[in-house]
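Shared between the two complexes below is subunit A, which pairs with subunit B and subunit C, respectively.
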Partner chain A sequence: MKKILPVEELARDSRFVRRPIEDAISDPRQARLAERNTGSARLEPDRPAAGDRARQLMHGIFVGELQALEGAGRTTFDFTDEEIPFQLKLDMARQCWDESRHCEISVKLSEHMGSEIGEFAEATFLYEAACAPDALLRLTGVNRALEGLAIDVFNTMKEFGEGSGDPVLSACEDWMLADEVTHVKMGSDWLRRLTEDDPERRELALEFQRTVDKLFSLGGFRGETDENPIQLARRFRELAGFSTEEIDELADVTVEAQEEARAAVAQSDGSSA
Partner chain B sequence: MTVADPGAPRAAFAPWDRRELPGMFGVVETARRVGNYKWIEMRLFEALGGWVATVPELDVKLVLGRQCYHHAWHAELWNKRLPELREMKTERLTQPPNDAMVTFVDALRDPEAPELTIEKLVGVYRVLLPRKIAAYTFHMNATSRITDAPTIRSLKFALQDELEDWREGEMLLQTLIQTPDDVARAARRQQELEELIRGAGGITGPGTLGEIDGSTEPSADAAAAAQEGVQEGVKVG
Partner chain C sequence: MSRVRITPETFELVEYDAGVIAGLTEELAARVGIPDDAPIEVDVDEELPLPLTGSTADVADGKVQLWFSGADFENTHNRAEFDESLARAEIALALFRAGDRLAPGFADAPADEELSDAQRHAWESWADGRAVRLGEHARKVRRQYHFRLYNGFTDRADAAFERLWNAESGAFTWAELDAICTDCAAVDPRPTPKRKAAIRKETLKAG
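Up next is the complex of A and B:
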């Protein structure tokens, strides 16, 4: 088996349909839909099509967990004993088990919500971040940026379960949220330990994290206003080791991402007129 | 009312406590074996983790993810045991028993393509895990239950996982092997890998199951311990 398995070689059964993340981001219909101004974009039970949106999000959680499992698994294999510490490998193996459980939970919750595997397309961005040749970039890109996004998503979904009177959904999301806080904290701890004497490397890794964070704020997908379906979960991020400054910086990044998306739509409108 | 005399002498060992001294292994030999155990557990959890992305069958993918951690945890148990056996630089003994074992592990971890799930699982569940179960069971029964009790405790934890994981993996394999061609593939793969691990002499090299003096025939003690191990293994599961 070779080291570093490219995203094109991720193995899937016939139910899965893959969609490049670039297609989703550059799809002008997304921003136009957001501009319809039907009120708050938050995922709330009384919003139009809330059920469909929740099912789509749950499917996204499932494929995200699947790729997180695959990414953590690859990190146990891709690096030799000399390249990464033994304890880091153990942490990645532990994360495999956690993500495997999250997949099981997501499959069962999808069925509970009336959906099924393959109903929505799979974007493989999480695994792509997990393929970085440097283990430190995997830790910042996946454990801090994307698992951080998972904290925001799970908290939003948990609140959706509470608001819609679905204790199964809210309880399961709460369990997964606990694991994600652990994974992010793991990423924060390893970032500190691996770069203790190398501030330059640390800054490079954090820059990669910021890039991933911006990319996955997805033109306003995540933020702190009514325009953002997924809300930043400040309290849980603090538990996971993020400083207030880091959370503020992420909030700024989400605003930037949203403004850039608006500008892209305006440009697209101008060029098609 | 009759009260037991607290001053009356009692034996250190209750009549039902038949633990004995000494065991078959000294500290050095135990550390060597434990180092081999840690090495094989590491190579196994890496393989399971690496394969997760390469198998299309969803149930297999999730089982590999779960079991990857079991073997990592075993590696951690052995890593903690090594300094207690006077090996402070644990990486020094985290070694394969010989080059033939490296060849076996390379062959075990070689399959990558998504259509090779049977080959991947046969290597783990029909060759390596049975060998590990045998080696751990032998060790558990051959060592002293007094002097080496900490190793035995870890062996019992590991064996519980190994037996449950082997059963789960074997059941997955039985659902994947559906045609005569699949049966032939599985048998071929098992034969290839059995040859290699036989050449290595087992998880800890020649003497894994008792042939410590290098003879081709196990000593009477070793044979008895191995036999006891078979019986004990059934009880652990």
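Up next is the complex of A and C:
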């Protein structure tokens, strides 16, 4: 079996359609939309088009879970026992079990919300971030950055379920959120153990995490204001082993990402005018 | 000369064709039962992408006035591409609602932008069920999810949804439709919403 499976070879049936993230960034409507008052972007039941926004996000969660399963699965296989501790592989195998369950829950939730598998296009940059050749980078890029994002997303969806009085959505998201906290904690613990005597390597791995965090805060997707659909879940991040300083740093990264997106939109608007 | 007028005449940001939309509207208006002498104005806001869906259906002086977010007609896989199946279902739904407004029992219905989210989604559920029976593609579960979001995740709301979904044109007056929402609200444990969620023209002016 092939090691380090390229994203193009992920198994998908005909229901799935992939689209690059660049399609969204280069869409000329983004610049026009930025000039209009569409209200708060925060995902809440009384915000514009809340139902369809929640459905689309739920589908994004589903494909994210699928790619998280594929990423954790690759880590159990891509490295020998000499390259990474066997106990780390066991943790990744346990994560696969969780992610499989999350895939099934996400499919059921999508059906509950009236969506179909493959209804929306799939972006694969989550899996791409999960394919770093160094296992340590996977721990920071996937377990701490991407699973950290999952904490923020699930908490936002849990609150959306509570706000809309949807007992199915809020209960399911709460259960998945508990798993995600564990996944992030595994990443934090293994990062500390594997770099105990190598602070330089730890810093390089954390730098990769910052890059992934910024990528996934693209365009203000995540943050702490009404302009951000996904809210930073500080309390759950603390439970997952993030220090206050790390959470503050992430908050700064999200602001930076939002400013860069604004500048890009302004530039694209200027060049198309 | 066609009784259907589309705005804009030429789309610049999305790959939509005003002629195609006019043709669909003309065909569906006849099948829905909009009187032949009623002019129809269709305004499509091409700046709004998925998932910012939303529409309004009003009647003024016998003229049908429909407004759609561009997202309503957008292909969910390919950005800015027209999806005829989606567009047909959305136009049919809006025409059914406009047709309701032409009936005497809806003379006292508020303008679309004045509707509460609960009222809007009850009305859309009724119209969507009729569109499906007309042969258009719409998903009942999706509509029910939207209905539940604003009328409650309760057994009473689910029963009301079934009643609306299965009803034919003329089954309700505005007062009866409103009463269904009031009945759902009576057992909905959530606080009354302070804001309206539906995308509306008034909230989308240049800021």
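Assume the second predicted complex is superposed on the first by the 264 of 273 C-alpha atoms of A that agree within 3 Å, B and C clash if a C-alpha of one lies under 4 Å from a C-alpha of the other, contacts with A are read in each partner's own complex, and residues count from 1 in each chain.
Methods note: contacts are C-beta pairs under 8 Å (C-beta built on N, C-alpha and C of every residue); 3 or more make two chains touch, one makes a residue touch a chain.
Computed from a prediction, not measured in an experiment: that's the story for all the values here.
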Please tell me, clash or fit, for subunit B and subunit C sharing subunit A in the overlay. fit
Applying the touch criterion given at the start, work out whether A:96 contacts subunit B, subunit C, both or neither, answering first, second, both or neither. first
Looking at the overlay, does A:165 come into contact with subunit B only (first), subunit C only (second), both, or neither? second
So, does A:114 touch the first partner subunit B, the second partner subunit C, both, or neither? second
Partner chain in contact with A:28 - subunit B first, subunit C second, else both or neither: second
Name the contact category of A:60: first (subunit B only), second (subunit C only), both, or neither. neither
Of the two partner chains, subunit B (first) and subunit C (second), which one does A:81 touch, if any: first, second, both, or neither? first
Once the shared chain is lined up, is A:19 touching subunit B (first), subunit C (second), both, or neither of them? second
Look across subunit B and subunit C in the superposition and give the shortest C-alpha distance you find, in Å. 19
Intersection of the subunit A residues that touch subunit B with those that touch subunit C: none
Note which residues of subunit B are touching subunit A in the complex, please. 42, 45-58, 61-66, 68-69, 71-73, 75-76, 79, 91, 94, 109-112, 114
Name, in rising order, each residue of subunit A that touches subunit B in their complex. 1-2, 5, 9-13, 66, 69-78, 81, 86, 89-90, 92-94, 96-97, 99-101, 103-104, 117, 127
Interfacial residue positions of subunit C with respect to subunit A in the complex: 13-14, 46-54, 69-71, 76-80, 117, 139-146, 148-149, 152-153, 188-190, 193-200, 203-207
Can you list the residues on subunit A that touch subunit C in the complex? 17, 19, 23-24, 27-30, 32-33, 35-39, 45-53, 55-56, 111-116, 119-121, 164-168
